[in-house]
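Accompanying notes for the structure given below.
Going in written order, the chains are labelled A, B, C, D and E, and every chain counts its residues from 1.
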């Protein structure tokens, strides 16, 4: 298999004459943690929505593992192993933590349309669910309603559910947004841990997180790729400093 | 004389004109629904009942107060508008944060209550309302004799529809309304009392329904149930038009009136279903409706 | 869902609770309760439970469920009366007919959500209503009359009591199926779709197909209710198919508690009793208050129904059973 | 031996919907008048009346009837308006063996295909209306007809019954157009009717549809070129439309309050209570209740079969009609009247609406026994 | 003298995320305050909280001495606030001129409202495009429109969120001149800026926000002394 797990060519999205994503060529290496950064409204979330086909691209194509998936439906793409999380927390609030993760695993049993069956068949999945919860330190909370979890824990649960899908490519939209310091550190470590053996593409504003774990960074601005490289390269890139990190920061840096 | 599928062209013209009369009602009612939906995100099920109330007010005005048609054409929408304010302030405003479904259910409940009240006071066989003096008689158009009142209905409702359209598309007030549907929070941050604007929009929307009701009073029997069959057809009109544009709801309303009129000639049995058939077809081809925007 | 979730934590298995409930219902005729009334309530309870499967567990508010009740009522009636089907076959035929209609309407409506979905189901069911009004086999305004009861696997259904137990058995069977569906792998996916549809999609579920299956299931069960009603009352009329009946079933579910398993049953009981007894209630009120207007209350069912709707939407959204569960949860949280 | 020591009459009709004015509360009052005229007693026992609104729903009517018989000990049922509801009630009454007197429903099926030994169709039926209006109008010179027909079973049977009569009496049907039930607008259909150049427009519909059709016919000036004939209309419809709109229309009814001194006398009493003149149905409610109570009083039992026998044996002779109930199928046989609506000038007092054009003898008006489709009739 | 704007211990939430954790600041009449901080630090949220546009709010916000924490958004605005949002908030269904005329005159505004002529003089681009739909304007023009729109209302406290973002240097210079002019006219201004070079010469006072808290607060005079600290706080 090729080195590239995901590649987009000229990916664009217009909203009523306004181009939110403008000819983006994104190349994600297999096994990398790839960060997508950029100012607010740069088109990052829109990019995610295009990659998972929650939005229909206006132009351009998407290739996953060398296959053109531009024409596929969201659920099909998910079944290929491209699983996303959402910018705004996305758990199933009235299901328990355990059930939340089990929904993810359940799809592989092929019984999802079986309305006449009891839940006993699903119980056999519980061991795996608990193992996943262990991974995100949620095992103790397995019986709680997901809606009752503190915010940071919900994000962790979301990651566990995403993990249950055995994703080859995880798309995380601002996984640390709205979290306190300790939660941020925890989730950062968690992402690092779960990224082993798979590929992660994440949107993140917190540069601490990005600098710590991202292998590669793409900077978007006004819908187009502004720069690409590792953290050291990107953080020195003048255009990036200008558009995202602030040119004065550089000036200040230069000043001392 | 030339024929089309065995029907003389002149007769067909007459039927088209009559379809336009019915279409005027659809247009006015779906316009009100569209305005309300645009601002409040509520499907106003009570629209039919308020239309009925408009017709009743016309009748009551004449019966009890001796107020003539023209007075009531002004007063009935005002009274219903005030009722709309009460409905919005006392009930609807608590529902905006909830699923839109609750607005639909609440206004459905209001419909039942209003129909029940009018029914318990006036029965159902209906009241008689005369065509106003000035509009009695008919005009011979050559291909048909058109009662003057029906001509007035078309003129009045198209004028009102275009007026509302112009108000919304061309004035500051309309600009505020449009902005309010786009981004209510920001508009409020500019110091505009958006909740009050919403209340007044609702009042305006239902006043349109009442206006249609007064227009309908001399043509139809004024009865408690006159709105309840109409409203579902108007819903279908709204689905076909797509809730997006004001102009869309007007055009769809008029267009469907005409399609219905033609059906009455060629296949009268289907005249009550044709709207729904059109709806099914439109949904298959364009799920968002003719003028609607996706999502 | 909440009903089960909370009771599953208690040591008492909910199955015992249901057994107790149905046992009590089975005894009602012996206690002198009019069996036909109970059967009617059971039919509507089934109708409401089927409806609730869609709105309460899938989050889709259909405003056209009368279409399924009506289709099955006419279908079963025609099969029993004209084609001479046996009672069980007639019921199955009616339910399946409703299921097929459900598939058709579902395919058109499922693409949209929220109020659009409601309006489309409403309009399509109204179209079906006009069809029933005009089709010759329905008897138009007069309805399809004198449908024979026949026998059910050798049991003579002419006897009200026999019929009662058969209807109860059908109800229990259907309720079991609903219970099963809610607590099945399929039900889990439905719940997840209702709670967060985009998330469910991102987990690889083709939500439209799940919704469609839920819609067809709900239609079929609503059909079973309609077919059973025809069998009990001996006729099928336009009332079964008219849009106000769709409104009624929403009210039942709302009053009882959307998304609870027993709620719709309670709602059906309350609303049907109200329809039957409101005249008496009016007389009592008139005597108590001396206001003569109350005497006419019996003629104002729709007014009272409307008021209940308003009160429920504004102040009582969880319904009787929903509120009870909430109280219970609160009390236990304190303990 | 009177069951439950009371003679209990159950009256189920439309009290809140389209037909509420024609029968409804006024019907209840009429029956109460009958009970009062019996001094509240029949066969030495108290008479009781219970009534209910069926909201024009057959299922409500049937469930009520069944429940009353099963749990309230109702001895006799009077059925108000709505054929569907009455057909359903007839089934229950027959099953439970209770006399069932149909007043407000018009469907001739009640004594034809769906007849039972317990059904008495007392006041009128669509066949009688068709015979009355169809033959009288045709004979009176309205030779060519066009029908405006409500598109459901009842409308179709009204049309076909009338068309048959028109044909028999030498008239001709030029065409018809079906309109949906509860149509909101009739102008288009009327234009088609006008295009037919027929002399008579037969309105084979009921209630609100008839009313709206007549209004539109006036508006489009169709009343100037065509005669309107309402195939199922009552005085209350004329009342709500007004004479100006309905002037000159024909309709058939079993009774008119101003037709005789005794009728006037009873109607004044009714007017005292209801502030409106009675419809033929309300008069028939009184008459039917009275006929039943007198039978019970005479034979001192409320046993269904015996009372029915007695009622069929006794001629009816009151302010409502002079006639009888046919033994074989329970059809009430009496004269019918072809009425024409007066012009506003001709009307001298409130509710003075009709001229009696012809009296149609009962034997001509109703289905002949030979033509009956009732399985009970032995041929 | 009461401050034009005084905030103490302000907390704010978006749904369940707790964004502001006790912000304290105050601005005197006629002063320019600049909020600095990294992406996502909570500066925009501070402005939105002042207008009552976040979810729940707690603490105290006084505008000209009037407590507004429990007020409806439109009432807050009428105390004399003009808000220019980060996303600009140009209405797509309105023309440029309609956008400009949308905000009404504020009853409590103390500044002299600018006339259309004055505004068009300041932003000639807008005059040219007054009849085209709002979102057809270029990003820079949209930014001008968003600022211009609140100058007509008579608001004397302006909340400006990243107005220099995405604009060509010339326009940024125009804006800088405009702010200087406004300041001279007595306007009170609270700015959120990423562009330090733009903000530095304009502001009387600086505040650095980090994770929803004020971590530094100093006046323009202290700027050179704080440079190193700032550098650390804002560095990426």
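Going forward, a residue touches a chain if its C-beta (ideal position, glycine included) is under 8 Å from a C-beta of that chain, and two chains touch if they have at least 3 such contacts.
Nothing here was measured: the structure is a model prediction, and the numbers come from that model.
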Co-neighbours of subunit D and subunit C - touch as defined: B
Interchain contact steps from subunit A to subunit B (minimum; 1 if touching): 2
Reference subunit A; chain at largest CA-centroid distance: D
Chain pair showing more contacts of the two, A-C and A-E: A-C
Distance between the centres, which are taken as Cα means, of subunit E and subunit B, whole angstrom: 44
Computed distance of Cα centres, subunit E from subunit C, in Å: 56
Subunit B-subunit C separation of Cα centroids, rounded to whole Å: 33
Subunit D and subunit E, separation of their C-alpha mean positions in angstrom: 79
Where subunit B touches two or more other chains at once, by residue number: 119-120, 269, 272
Junction residues of subunit D - those touching two or more other chains: 16, 20, 151, 180-181
In subunit C, residues with contacts to at least two other chains: 130, 134, 299-301
Which pairs of chains touch, using the document's own definition: A-C, A-E, B-C, B-D, B-E, C-D
Residues on subunit B engaged by subunit C in the complex (per definition of touch): 43, 91, 94-95, 98-106, 108-117, 119-120, 232, 235-236, 238-239, 269, 272-273, 276-277, 279-280, 283-284, 287
Subunit A partner contacts - residues on subunit E that touch it in the complex: 14-19, 38-40, 86-87, 92, 135-136, 139, 165-166, 194-197, 200, 211, 227-228, 230-231, 234-236
Of subunit C, residues touching subunit D in the complex: 34, 36-37, 40, 130, 133-134, 136, 139-143, 145-146, 233-235, 237, 239-240, 275-276, 279, 298-301
Sites on subunit C touched by subunit A in the complex: 1-2, 5, 177, 180-181, 183-189, 191-192, 195-196, 198-207, 209-210, 213, 217
Parts of subunit B lying in touch with subunit D, wherever the complex brings them together: 11, 14-15, 18-19, 21-22, 119-120, 123-128, 131, 138, 144-145, 147, 149-150, 219-221, 223, 225-226, 229-230, 261, 264-265, 268-269, 271-272
